[in-house]
Structure formats: C-alpha cells, structure tokens
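The same chain A turns up in both complexes below, where it pairs with chain B and then with chain C.
Take a look at the complex of A and B:
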C-alpha cells in the first residue's frame, strides 16, 4: 500500500482518535525523566525535543516492578489472587528502531523460549508506531548491529520526519488497520517518498560510533579466560545497575514476597548481573569479582544470546554509555578484545 | 598542571613508591573524562585535568590493594581523609596528587543554557568568570556560576588541605550560596505536606540502580542494609516507600562522612535531586556538632566517637 502523510500540527488529532481505542504512550519528561508516558491529551512538543527516552520502552511491558499475585493464608491453605487485568491496549507512539528491535529480541525469551503471561498480557495488546531517528546521539551505534536509525520492521507503522510533515509507512496488518480507520491523513507523493529516503540515509550516516560484530562471539569465547583484560576493562565499573536497568534488552528479574502476618504480595522487579548479590538468594553469585560480572554482561549480549537465538542482544541504543556515571563504554571493551586467551 | 601530573605519576610508579595510579583520562563522549585505575606507566600519559573531572576517585581506594597515587580535588581529598579517619585507608599508603579545583562544569546546566544536548555542542570553554559555549559559528557567553555544579558553588575548600603533591597554585572558591542552595531553599519554603508530596513523586522515579550509593566513597559497607535478607528491612522492589527508606537511611549512614561532592545527584539517571538531602544533612551535622567531614585525619570520626560530656541526658 502506498504511504500516507500527516502534518505535524495534526498529530494531536490523530493521537486523540487512537485514544478512543488505546492507552496512548508518548515520549515525555513530565515525571522528571524521559520515558514513554501516558499521553496527556494535548502535548506534542516531544516532536521537537525527543531524541530517545532514558527509560527504555521495555518498561511498558516489563516494568521496573509489578505485582504477580497476592496471597492469604487460612486454615484451608493459601488463597491466591491474581492482579486485576485491565485489558487496556497500549499504543506506543514514537518508538525508535533500536528500541523496537529490542522488543523483538525480548520476545525470543518471553514469547518463544517460554511463555511469560505477565509479559504477553501486555505485549500481545500493544501496537508500535515507530518514529525514525534523525539526530542520533554520539553514543549511538545501532548501524553496527544492522539497525538503521530511521527504518524498522519491528513496528506496526513507521514514521519519518520530512519537514512539516511525517511520512507514514504501513509495516504490519495491524498498522494498515490503524491507518484505514484514521482520519485526516493525506496520500504521500513521490516527492515525499524521496524526501523520506533522503532523511533515512542522512540519519544512517550520522551514526559515527562503530563496533565490529564480525565473529564477535568467537572472539569473546577465545578471551574468556583472559583475566588481565577483563580486570582492566572492569576497573572503573562501580557495579551499579544503570547499564542493565536502562538497557532495552536486559530482562533479568528478581522475585520478592512482602508478607504481613497472614497475607502478602509477590512482586517481580528488575535485577542486574552487575550486583554482587545477584542470584544470592537461590544459591550464591558465582561472579564475586567485578571483572567476572562485567565479562558476563558483555558475553551475555554478544556471545551467549546469539548461541540461543542467533541474534546479538544489543541494539546500539547507547544508553549504557550515555548514562554510565563513570563513562564505561561497551564499544571500547568490544573493539579492544585481545587475541590472547589468558 | 597536566604535564606535571603525568611526570609525577610516572615517577611514582617507576620509583616503586606506588603500585597504582588513580586519575582521569579523556572519556569516550564529548566533554567527559573517565577514571583510570592502572599499574601501567604507559597509561599515565593519558592523564588529564580539566573542568570535566567529575568523579570522586576516593571511591576506588577501598577496591585496590597496595600503595596508591590518587588525583584529588578539594572534596575528593576530604573523602580520602574521611576514609583514613574511618580506618578504611592508611595515610601512608596514599599519595595524594592534589588538584586546586576551579569548579566542575555541570553539563546538564550547560545543556539548559545552550538549549542543546551536550553532543550537539562544539566547544565549552572557561575564560575567567565566564563560560563560552560554541555551536558552529554561534557563540554564547554566561557567568561561570550558571554552569558549575550546585555543590561547587557551595564549596569553600576547592584546594585540597591534605595532599602530598599540590599540582598548582591554590584556587579561590567560586561561591554562590543562593544558587547552591536554591533547590533546598525551595523545599524549606514548602509545608511538610507539600514536601512529602515532592519526595513521594521524586522517589517514585527511583529504579534502585544504586548508582547514588555505588559512586559514594562514604558508602563502603560490605553489605548494604537494603540487601540484608534476615531481616529484610526493605524490599528490592522499587516502590516509593522502600526507596524513601533507602535514601533516608543512606543519608543518616553518611552523616559526618559526606563531603558534599555531589556525586550521588550527578550519577542518578532519573534526576532525583539527592543532594537536597545530603547537603541538608551536611549542614545539620555542622550545626549540631560543629563538624565537617574529612577535615582532620587525626580527629575521631563523628558518629563512632563519644565523649561523656557531649551526651544527651538519656544517653548517660
């Protein structure tokens, strides 16, 4: 189907239409940090300032914390109650191609390897409206992971900034249905398509940070026991959870019960392999030294995940570099991998 | 200053006076530096001193074994002294390479002044009491007090008092108390209910990454109370109530150790104004006990020391 377009001034009208059917999420800094937040019904200023969110959109499916169930102990045993399902359908407007790819990567774990009901209840009720990135950060390296900053097949609709207007491409059936129902759209002209193509190419060229992913799994495997290298690479890491929590593909979680007398709630929340006490509860953390934990982070993304799912679990969004308090930079660690095995 | 630092650091390693050098090297992003912790004398050629040396390197002292040459700004040197007072670091094992600090540039403030993100700027430079931001041919000038970290604007001791080598002439503080205290004053004007609401909102953003704790040299517990499971004081689940307890207890734990280096607030990825808590605690410690952290390596640490005559009646 030919592409459509919409004037940026009319975006609020379009979002209002979609609000009838969906809970609409847009990039917002209303809570003090850039995140995909519930649209307030009028503001579209994100079209001017938005480059990417600090909190990745994974938080809309795998939130920092969520209630799994509540329980009550009685003479008959335990009574378990699941949290109410609100059944709301999420529409994420403006997701970047790197973050959309990240959700596809998460699907491999939560949808394909096993079926996680908490994840799927949200994921299966979600449409993604991609918005091409025209101004990537200097920390971005998506193009090294075969991602183009302004193109995506992991969304339902893909939007490209062509000046006063946004070009709309329909990627999935769900996307086509959204467009079929939408009012106020115009047909895109050949000139619009050409403008979009140019914008996409320009965005691609702007991504200057690079890593070499060719054979990276084998390289990591070869230097796994090179303690000197990993100690040096990890020296400045402070073992906080920023790079994992704000990574769009990191998904480890912890489970905790809050118990007051005879009743309680079970929560799951983000966990991080950077923490010395990671997996302490079920047994011990086999990675007591910091360099082992840093190595795990790098190897899980670039070696182990590929073994299981044939894809690198990194989309080059650059958050781990941008937000690190000590400027630990995964691209440097990867680009300097030694030949020496130990 | 930079060349002298490199020479001194190299000499220390070559003469075997230290096993480690801890300093700053250029970061991988614009206007950043990054800590370097090394035994290799080839690495010291990359050492830098510039207005972007944000980290408090004292944080790494408790991680390495052996003798250490460490680059320290005024606040960092006080953190080192505080660690010496707490018996976490032995004075003789540390060679402090003191940097008279002219104040560190807060890139978030620069971004607001410029109306652009840091990676979109071409140059940030300081000329006397002005900061100059360049984007293409466009050049903007602001007072330096608009671009320094809040804690730098409150800093009365930018030059380390405790050092082995001082890498330059003592610098005079760029104090601007009203600017440094602005956020805190705003909180003080609030009613308790408004303040409660404020912190509830702020701490609802906390994701419990523990960056604030992990960049803090005063937070050196082997196992933090938040990670205790028997008893479990709070859940790792980032509910605002649990987050609040974490911050309150962390604050009380660092009272008398916090040197107002501002790292907790800078490290926070979700912009919680944590220094509003730590600085208030810092001032309360000063008021109640006439104590400033890290001023005297021979003084007993505030919270672990007790004199009969200073006790409240109920302690006797």
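Take a look at the complex of A and C:
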C-alpha cells in the first residue's frame, strides 16, 4: 500500500480518533521527566520538543512497580486474587526505532520457555506508532547496532517528519487496519516519499558515535578474567543503577510482598545488577565487587544475550551515557577491550 | 548444555496460565533435623493441583510466606514416596526465620517445580556414589530414595555424608535406614565429634579418599557447601572420575525461578532455568567463572 501523510496540525484529530479504541500514550513530561504518558486529549507540542523520552517505553509493559496479585487471610485461610485487568489496548505514539527494537528484544525473554503473563497481556494489546529521529543526541549510537534512527520494522506504523507534514508508512497488518479506519489522511506523493528518504538518510548520518560490534562477544569472552581491565572500566561507577533502570532492554526484576493488617500484595519491581544485594546469598555473593557487576552488565548485553537469542541486548539509545551521573560511557568500555585475557 | 533448555514437558502444569501464582499448601508435620534446620511435610490445600503435581528429584520450588516473601528450596522428598511433599530450609535469613516460626496447619505459597532435576536416565545401571555435606543432603535424599525405590535399576551404592558435628547431621532417620540396608555402603562422618560420637571423624573429601570408590561404571553426585565441593572434585579426579561422571547442584540467589528476573546467571546459564543440576563437564564449559 502506498504511503499516506498527515499535516502536523491534524495530529490531535488523529489521536482523538484512536482514543476511541485505545489508551493513547504520547511523549510527555511528568515532574520534569520525559516519558510516554497518557495523552491529555489536545496537546501535540511534543512534535516540537521531543527527542527521546528519559523513561523508555518498556515502562508501559514492565512498569517500575507492578502488582502481581493480592492476598487476604480469613478463617478459611489465604485467598489469592489477580489485579483487575482494564482490558485497555495501548497505543504508543512516537516511539523511536531504538526503543521499538528494544521491545522486540524484551519479547524474547518474556516469551521464552515460561510465558510471562503480566508482560504479554500488555504487549499483546499494544500498537506502536514509530516516529523517526531527526535530531539524535551525541550519545546515540544506534547505527552501530543495525538500527536506523528513522526506520523500523518493529512498529505498526512508521512516521517521518517531512516539514509541515508527517509521512506515514504501514509496516504491519495492524498498521494497515489503523490507516484504513483513520480519517483525514492524504495520499503521499512521489515528492513526499523522496523527502522522507532524504530525511532518513540525514538522520542516519547524524549519528556519529560508534562501537565495533564485530566479534564483540568473543572479545568480551576473551577478556572476561582480565580483572585489571574491568576494575579500570568500573572505577568511576557509583552503582546507582540508573543506567539499568533507564535502559530500554534491561528487564531484571525483584519480587516482594507488602502486608497491611492481613491484607497484602505481591509485587514486582525493577531491580539492577548494579546493586550488590541483587545477587547476595546468606553465605556468599558472586558479584560483591563493583567491577564484577559492571562486567556482568556489559557482558549480559553484548555477549550472554546473543548466545541465547542471537541478538545484542543494546539498541544504542544512549540513555546510559547521557543520564549517567558520573559520565560512565559504555562505548568507551566496548571500544577499548583488551586482548589480554588476564 | 548451553542456551535454552527444553522444558516443554514441564509446562503442562502451568496450563492454567499465570506461572507466578502460588498454590496454597498446608504444613502438616515438622521435624527438627539440626539446631538450625527443619523439615516441613506439606500437602496441597486444593485437591486438583495436588493430584496433578509431579516432579523429579533435584527440582526445586518457590516457597512463600504471604507478607514476608518468596525463596527457592529443593523438594527434599522423593517423587516415589507419595502422600505428601517435604522441604528442608536452614534458618539463615528473614524468610527462613519466619518459616521456622510456623506450626502445623500453617498455609504457605508454593509454585513449581522448577529446574532440570537429576539425570535419572544417565544414572541407570551405574554404580552411584552420593557425596553430601550438611544441608546438601536435602537434594541428594530425594534422589537416594528414588534410587532405593527402584533398586534393581542401579548397581552399587555408596553414600558418604558428613556434617560439622553430630548435632548437624540432617535426616538421621534416613542415615539409619540406609546404614541398615545391606545393598548400600553408608559412611557417615563429622568434622569434629563429641563425647557420645563413636563414628568416623574427618572432612568429606578426606573420607572419600579413604573409601576410594572405583570410577568404573560410576557416577558421583556431590551436594554440599561450595568449599566441600571444591575439595571433593580433585579427589574424584584422582580416583579416575571424568568430569562427565561428576554431578553437582549449584546455588545462586533466585527470585522468579523461571529464567526471567536475571540474578542467578553464570554467563548465559541461568541456574534456575538450565540447572540447578550440572555435570562438572558442563561447569567447566561455562564462559563465566562466577560459580
């Protein structure tokens, strides 16, 4: 199907139409932090200020904290109840290609072997409207991970900024259905397609930071026991965990209970390999030292994950670089891997 | 074993959907094993899951006290002994302290079984040497009773079990039973005896060296504290055991039990998903030395 286009002024109308069927999420600021939040029904100013969210869209599927079930004690014993499902379908408008790829990567873990019902119930009821990057950050390195900042096959529709209008490309069947129902769209011309192509190429060229992923798993494997290197690489890390919380592909979680007067909930929350408690056992801790934890983070993404799923668990979104309080830079760690094994 | 383990045969029990939802089980008997270790006998509260439940020796489950939290423990009873299930937590942390305060009739959460369990097919028609230390007998005893209840499928059986002191010996009633069994060579030892102790004194690896079981057609299954395992493997190698003939269980902090929450990894191996039972051959092939 040929591409469509929409004037930026008409985006609110389109989002309103979609709001009939979906809970629409758009780039917004909550308490000064950019995130994908529920659309307020009118504001589309994000088209001007949005580069990427601070909190990645994974939070819409794997929230920072989520109730798994509640439990209550009575004379008959414990009774367990699942949280109510609102049955809402989510529409995420404006997701960047790096973050859409991240969700495809997360799917592998949550679909593998035992299916994760909390993740999949949301993921299976979600449509993604991608919006190509035109102004990547200097911390971005998506092109090194085979991601183009303005192209994606991990979304249902892909939008490209072509001036006063957005070009709309249909990627999936769900995307085609959305467009078939949508009102107020125009057919894109050949000139529009050409402008979009140019915009995509320009965005691609703007991503200047690079890592060398060629054989990176083998290189990491070779220097796994090089304690000296990892101690240096981890030296300035303060183990705050923000790089993992804000990473679009980090998914590690903790499970805990909360109890108030015989009524409680079991919930899961984001956890992080940056914390020593994460692996602490009563008698020992395999990753007590900071360098071991930094090594785990890097190796999990660039070595271990691809052993299981044949994909690197990093999309080059750059959040871990630009949001790190001490300017730790994963690209430096990866680009200076030593050949020395010890 | 690298990559994803095929667990399709185990997924049946979770057909109802949510793997994180625990069943309610009821504690119906408590046995003091040592000053800090108790065995809990339990049964499913509901009839249906109780009937459907099946596991293999060496598999574990997530046990929880509602309001306190969840932790993994091996099922210490044998699948060949139906009627109830058992687990044997040592009192070391918040949850295990709370477990030890429970009485009979208490309801706890239970989800599982998880993990691979011992390779029963591989063990058949072999001489088996069980080497255990302290609470490490919990997974071994599930397997030992399984073997005892199918005695003709296996050949010679040696059990070498040690604890720090006579008071720290777990499952004394089992040790007695195996000692009386003429088809088993049961060797019990303690690191340090007391006035009443007339048995053997010596660390498990040392005693293993003295017992010196033959490596021919044999498999050694080793469970105990990491320090014991570290000193036992070299003795086995000296006795002629190859890494394939040495089996152990690994322990890591776990939460989900199903390879998702992240923390129990050793390289790309998740102990909960790919283990907890590994051969020394497999352990040597791990790309990470974090075991």
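We adopt the following convention: the second predicted complex is superposed on the first by the 330 of 342 C-alpha atoms of A that agree within 3 Å, B and C clash if a C-alpha of one lies under 4 Å from a C-alpha of the other, contacts with A are read in each partner's own complex, and residues count from 1 in each chain.
Note that in this section a residue touches a chain if its C-beta (ideal position, glycine included) is under 8 Å from a C-beta of that chain, and two chains touch if they have at least 3 such contacts.
Just so you know, these numbers come straight off a predicted model, no measurement behind them.
Visitor: Does chain B (first) or chain C (second) touch A:267, or do both, or does neither?
Guide: In the superposition, A:267 touches chain B alone.
Visitor: Pick one for A:65: touches chain B only (first), chain C only (second), both, or neither.
Guide: After superposing on A, A:65 lies in contact with chain B but is clear of chain C.
Visitor: Give one of first, second, both or neither to describe whether A:73 is in contact with chain B, with chain C, with both, or with none.
Guide: In the superposed model, A:73 contacts chain C only, not chain B.
Visitor: Which partner does A:326 contact after superposing on A: first (chain B), second (chain C), both, neither?
Guide: first
Visitor: Using the touch definition from the top, say if A:32 reaches chain B (first), chain C (second), both or neither.
Guide: The first partner, chain B, only.
Visitor: Name the contact category of A:241: first (chain B only), second (chain C only), both, or neither.
Guide: first
Visitor: Given the touch rule stated above, what does A:281 touch, chain B (first), chain C (second), both, or neither?
Guide: In the superposition, A:281 contacts both chain B and chain C.
Visitor: Would you tell me the residues on chain A in contact with chain B in one complex that are also in contact with chain C in the other?
Guide: Touching chain B in the first complex and chain C in the second, residues 254, 256, 258, 271, 281 of chain A appear in both lists.
Visitor: In the complex, go through chain B and note every residue touching chain A.
Guide: Listed in rising order, the residues of chain B that touch chain A are 27-30, 32-38, 55, 59-60, 117, 119-120, 201-202, 204-205, 207-211, 213-215, 223, 227, 229, 235-239, 263, 266-267, 269-272.
Visitor: Enumerate the contact residues on chain C facing chain A in the complex.
Guide: Within the complex, chain C contacts chain A at residues 2-5, 7, 11, 14, 17-22, 24, 45, 64, 66-70, 92-93, 107, 109, 225-226, 251-253, 255-256, 258-263, 265-268, 273, 287-291.
Visitor: Would you tell me which residues of chain A are touching chain B in their complex?
Guide: 31-33, 51, 54-55, 64-65, 135, 137-139, 232, 235-236, 238-242, 245-246, 254, 256, 258, 267, 269-272, 275, 277, 281, 321-323, 325-329, 331-332
Visitor: Which positions of chain A touch chain C when the two form their complex?
Guide: Those in contact with chain C are residues 68-69, 71, 73, 77-78, 80, 82, 109-110, 112-118, 221, 224-225, 251-259, 264, 266, 268, 271, 273, 278-284, 286-287, 292, 296, 299-300, 303-305, 307-308.
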